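What follows is a structure written as structure tokens; I'll ask about it next.
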Amino acid sequence: MVDEAKTKTPKRLTKKELRSIFLRYGIMTESAMSYEKMHGATWAYSYMPVGEKYYKDNPEAYKRLLTRHAVFYNTEPQTGQLVNGIVASLEEQIGMGNKEIDENVPVTVKASLMGPLAGIGDSVMQGILIPTLLSIAMGLSKGGSALGPVFYIVAYAVIATAITIIAFRSGYKLGVSAIDKLIGESAKRITNMFTVLGMIVIGGLSASTIAVTTTVKIPFGDKTKGLQEILDGFFPGLLPLILVLFTWWLISSKHYGPTKVILILTAVAAIGVLIGFL
Amino acid sequence: MNGTLFIQACLVGLLSYLGAVDCPWMYGVVGGFYILGRPLVAGLMCGLIFGDVQAGVLCGLAVQAVFIASMHTGGTSNTEITYASYGGIGLAMATTQNPAIAVTLAIFIGQTFGLLFYNLRMAGFSYYNHKAEKACRELDKRGLIMNQIVYPQIVTFLVRAVPVWAAIYFGKVAVQRLLDVVPVTITDIITVLGGVLPALGIAMLMNMLIKKKVELIYFCFGFVMIAFAHLSTVALVFIAALIAYLIFNMSGHNGQNQDDSSKVAVDTADEYEDKDLF
Amino acid sequence: MNGTLFIQACLVGLLSYLGAVDCPWMYGVVGGFYILGRPLVAGLMCGLIFGDVQAGVLCGLAVQAVFIASMHTGGTSNTEITYASYGGIGLAMATTQNPAIAVTLAIFIGQTFGLLFYNLRMAGFSYYNHKAEKACRELDKRGLIMNQIVYPQIVTFLVRAVPVWAAIYFGKVAVQRLLDVVPVTITDIITVLGGVLPALGIAMLMNMLIKKKVELIYFCFGFVMIAFAHLSTVALVFIAALIAYLIFNMSGHNGQNQDDSSKVAVDTADEYEDKDLF
Amino acid sequence: MVDEAKTKTPKRLTKKELRSIFLRYGIMTESAMSYEKMHGATWAYSYMPVGEKYYKDNPEAYKRLLTRHAVFYNTEPQTGQLVNGIVASLEEQIGMGNKEIDENVPVTVKASLMGPLAGIGDSVMQGILIPTLLSIAMGLSKGGSALGPVFYIVAYAVIATAITIIAFRSGYKLGVSAIDKLIGESAKRITNMFTVLGMIVIGGLSASTIAVTTTVKIPFGDKTKGLQEILDGFFPGLLPLILVLFTWWLISSKHYGPTKVILILTAVAAIGVLIGFL
Amino acid sequence: MNGTLFIQACLVGLLSYLGAVDCPWMYGVVGGFYILGRPLVAGLMCGLIFGDVQAGVLCGLAVQAVFIASMHTGGTSNTEITYASYGGIGLAMATTQNPAIAVTLAIFIGQTFGLLFYNLRMAGFSYYNHKAEKACRELDKRGLIMNQIVYPQIVTFLVRAVPVWAAIYFGKVAVQRLLDVVPVTITDIITVLGGVLPALGIAMLMNMLIKKKVELIYFCFGFVMIAFAHLSTVALVFIAALIAYLIFNMSGHNGQNQDDSSKVAVDTADEYEDKDLF
Amino acid sequence: MVDEAKTKTPKRLTKKELRSIFLRYGIMTESAMSYEKMHGATWAYSYMPVGEKYYKDNPEAYKRLLTRHAVFYNTEPQTGQLVNGIVASLEEQIGMGNKEIDENVPVTVKASLMGPLAGIGDSVMQGILIPTLLSIAMGLSKGGSALGPVFYIVAYAVIATAITIIAFRSGYKLGVSAIDKLIGESAKRITNMFTVLGMIVIGGLSASTIAVTTTVKIPFGDKTKGLQEILDGFFPGLLPLILVLFTWWLISSKHYGPTKVILILTAVAAIGVLIGFL
């Protein structure tokens, strides 16, 4: 931190200003999302309080601030508050005149963090937290009770809000020093850890959510027996497993997009039903 | 004109806007896309609106099962879950209140109109993005706010709330007629498709997480723990966390921590902790 | 005077001395504190003494459940298990022979008189310790033996056997009267307390073992394996042993074993073994 | 080992003398335990055979022997035979006149080993072995059979006695060389291994022993449903888990002693019962 | 002469040759020893030959259970499974068609005549081996083929097909008589032996795999997962694969990969993969 | 690879010739197996196509080829195609006149690979693959259905054939370079991985295949209870576990051969039955 006593002007961001940056980002992130810019200039909007504080009398600097935060950007928005926190601390330093931090730094930081964080963030939030809470809630809703959705609403609101707050605070506290931590060896380990967590949990998720059973009956002496029953006898969930691996292969090896995959899956379902297999 | 239905359709349309991924007003995606946008919550809401919470929740439950692994990554979605939720459940509540019908309608609406509107809008917003960027360069604060927030929100409201409102208000009769004539095979196929669809979301996530084919072992482990050992997802999360933590520690035992391993005495365990993870 | 009860009370008192943590005669804590002192064993003993083994074991079983995680670490105990066992079960056997009453009495006696006597004695023995130390310095062998063994044993016998004897011999009538007047809420609270108490012993052990908060993951894993997967403790011990062994090996793969890893050929596996662990 | 042939006097300890040291320690360890000295001068008593053998004619050395073994000492007494074995071999060397081993060595060895060994010993004996055997025994005692306590008595007597013997022998065999093994890197790994084992097993223990259930009923349409049943649906044992974490937090972060914690737990139980929650 | 039985006996004899470990004609051991030679397959074959597939499969099932862990390592076998399969099941099918009898006969034939013939032949083939080696040295191609293939096959056909044929053709009456007189204790012992025999194959494999006693922990883990957690073998294979993979990775983190760990950037993950395993 | 353009004569092996080597080995491996030479001169037979191609006019070289492949050799025949593939590529080089590869190399390669590969191969094929497929098949055969054996025949034929083909191809592709990979550090890690996999799976195998139960009844008050039931209460499968550990001890520590062990097991079964224990 620069010596705050020396010069009069450079003041740190107040709590209120920080809260404003936090909320502007948190609320508006995806307000104008396009494939071209994704979160793009939401950042410029979020950092207007910084401009108002430090660059009131320096329109060129203000412009540079908004312009550097109007480029393509995309990450998971909730855990992404971490980056917002880091950038807030960087822009604060720049605004306060710390010459050691170039105006390019926030841009580089954003560009290098958004990718990994999108991966971790999506798998933790969409891959683990949401499905887990939803499956608990679905259990509570059996029979049509409102308990399930109410539980989900409360639980997700509390947890996700907490995550955004903690992420922003940690980012702001770490500041520049975060870059090492988030890009270095240790970050790779943490990413790896969450990736493993994610892979295991979505493995379980596919067992509990994909519902494909065959209706084929095969003759057993004079009686018939469901093929599904036989499959369940040695590999419960074999069809869902095959299906998800097939879909994954379409995406990862064939590089098909979701729409193409949906068409294929629809075809699979249609043919399966028509030949009497599914 | 059916006054009650009109108001109901309006409310559902409004909710389908508030639960959209690009709607900011519910604290961004936290309260919007990830809470209001989930079919289980949509079921509760529609239940309240149409005066039968139990039926609403049951529809929500059925639709949620199809979309539990729905993913929204990198701006791409395998389904337009909000159209699906409110269009499907809303229409079902306005007509038969039958969960199976809700699922059919949700899949149909989500995968066709839903994705269409979504992708058109995602493409179209480039226009506002460019204007917002220009506003940044010119320090046009009002322009930034209008192009980044106001105009896009008006557009997204129109392409979401209006079609959903129309679908419910005018679709009621059409749906009822359709249900009488649609062949049972089609219903069967859509039912099967409902069981198959979660595979897509999961496969998208796998594509993000799994870098080497060997890592499928993690995925399969998760699958097996649910399919064979009949654990719940909650239990699996704990088990996965242990494995992930072991791997985190494991990877930490080479490289940097090596040289000074002798220095890490028992009493410095706490500082060491910070350096590592939590 | 009730002759039978007198003798029974004497025997129970004697056992409560023999099962004490500081009683040497049963091969130290092996046969004393950790065998005779356990409520399950106390139940059998009291059953034999009062002529109804089955009732005794049932009382022992109920009390044991409360004290199964009772810990005695660093001289501190969360309960005085021996007073609790013999006071509680003995009194119950002398009166109602009801396991629930045994639990209530055991908790009551263990947590009040038991801990009081225990702590007073632990404080008081400093006196003999100092005299024993002095005897060492003066090579006064007899003094050492008297102050380290004889006098302390007499004291501990008196503060254990006598109160327990008295409690049973005189307490019988009192307990029976008390049971008639005590409000049911008190009994309820003590029953709940019986279910809650094991948490203390476990928490004391956690406090010893868990150094970093992250390590709670191990604890939670164990919890989940029992609570969700319904494994038995025996199975868990094996699973835990595997994990512990993996961690042992893992930690061994850095530092010292590194440099000479190439030298460790397959045929030297056995020597290597010795160096490592068993 | 010193050259035994050279001088006539220095004889090694006989089997009988070793057995005596082993038994004196094993039986008398906690005979006069106070908070101030804990096992203290029991050691002096245990090493009287050494004094009688080597220092019959050297009262000063005898005094020094007893005095150095009259200081504060505390560890888990059963596994603690390991230290006794090591010290026996050290005192033998000192007694035989090996000048390489200073008279301080046994004291240092004891002081540095007692801590780690208390941790491992308590968690293995009180945290794993005893609860596991007891829960097996409790299973065997269902209905009041004496089989349970008899099984426990035999099993614990055999296993614990074996542990004391093996511990003493290993310690005596290792002697001085043990210090490296027990304090070095490898010891940390072994400690760590047992710690992990312990944490997992006590996690399971808390799931199987803490018994807290709520009696709250919540309305479900016209019927009511037990809250406990709902909790069991998504997280069996949630209340016990919360309780044990709370208790642990009281001890580890608030640094409360057992008595204070018992009072708090009693208050929790009382309030829980009074408000009709437990 | 019983013509049908004659032909049946011939066919069974032929199969017992084709399923032998040293018979090449079914693509070596793939289709021979490891398919035709397995009791379950032998049951199907004998069922077809004797005209009662169900009875045959049931006999095969019973015998397979005894020999499921039968091993053939280093030329040594714990049983002669092909004699056992075709002799035992064949004879049972020719007589009582009782699975228990099939097991008894299979064990009896496999462990006596079977092993005898096998070991004699294994010893005797040295003769042809020497002649084949000589042929090599002399570039006598015909001699090589005759001594390495033709003569040994004739011999092995004779010592396999003929005795099995004879056992069935002539044994039928004998077996039926025997079954009337054999005391029930013998049957009981053989039944027990049938349950015990798999231990031998497993122990042979353990002997190959387990180098240090500690590694029994892996074995016990597998045992516990089946015996306590009631998983199926298929599930266990996945779990074991995960553990094995963790260990593989773990061991890779020392030595060679260490120095260049910093160079292994994320994008080179795929090449890295090749270097490591798959 | 040598420059193929320079000289006319040295041609690489054609696909047809390679297939011939692959099939000769695959089919004939164990055709004349004796304890003395095991697979021995089958190799000479397999490499006759190489002789015909390269040494038609050089009988001395042809003799050397056959002779060097007539020595003792033994490994698991199916996975052993890997070695065959490597040797094929080596002999091709030698045949083409590559002077860098000595004629001793194939012999050394075979000698150093056969041991490890026998260990891995047997445990994967006989220890994991076959029992797993068989236990699935046995499940399918309950009640006598032919489905079980048919499944096993198809599944094993496909998998094992694929393994032989992949193994041969990989070996041929790797060629000389395989030696490093197969003997170096990395090979040890892979071996170790498969060993762990094997140990866990055979642990499970012993739980599911060894069937020993005690028939002892023990009195429980006026009723009796099966000892087996009691054992199952705390350690299901305890007797099988003891039995397999005992058998393993006979083989690994006592170094008994299979026949001796069978006699002992028969004695155990007989005595167990006679004293009424089993």
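Just so it is clear, A, B, C, D, E and F label the chains in written order, and each chain counts residues from 1 on its own.
Heads up, the rule we're going with is that contacts are C-beta pairs under 8 Å (C-beta built on N, C-alpha and C of every residue); 3 or more make two chains touch, one makes a residue touch a chain.
Keep in mind that what you see is a predicted model, and the values were worked out from it rather than measured.
Both chain C and chain E are touched by B, F. Annotation: the chain A:chain F pair of sequence copies touches via predominantly different residues, less than half of the used numbers being shared. Of the two interfaces, A-B and B-D, the higher number of touching C-beta pairs belongs to A-B. Here the CA centre of chain B is 53 Å from the CA centre of chain E.
Averaging C-alpha coordinates per chain places the centre of chain B 50 Å away from that of chain F.
Counting only residues that touch two or more partner chains, chain A has 136, 143, 145, 185, 188, 221, 234-235.
Multi-chain contact residues of chain B (touching two or more other chains) are listed as 54, 218, 220-221, 223-224, 228-229, 231-232, 234, 239, 241, 243, 245-247, 250-251, 253-255, 258, 261-262, 277. Screening every pair of chains for touch gives A-B, A-D, A-E, A-F, B-C, B-D, B-E, C-D, C-E, C-F, D-F, E-F. Those residues of chain F whose C-beta lies close enough to touch chain A in the complex are 136, 139-140, 143, 145, 147. Those residues of chain D whose C-beta lies close enough to touch chain C in the complex are 26-38, 40-42, 44-45, 48, 59, 62-63, 66-67, 69-70, 74, 77-78, 118-119, 122-123, 125-128, 130-132, 134-138, 141-146, 148-150, 152-153, 156-157, 160-161, 164, 185-186, 188-190, 192-213, 235-237, 240-241, 243-245, 247-248, 250-252, 257-259, 261-262, 265-266, 268-270, 272-274, 278. Chain B makes touch with chain A in their complex at residues 21-25, 27-31, 34-35, 38, 40-41, 43-44, 47, 53-55, 57-58, 60-61, 64-65, 68-69, 71-79, 111, 115, 122-126, 128-129, 132-133, 135-139, 141, 144-145, 147-149, 152-153, 185, 188-190, 192-200, 202-210, 215-216, 218-228, 231-234, 236-237, 239-241, 243-245, 247-248, 251-252, 255-256, 275-277.
Residue ranges of chain B in contact with chain D, taken from their complex: 54, 232, 234, 261-262, 266.
Within the complex, the chain F residues that touch chain C are 185, 188, 221, 234-235.
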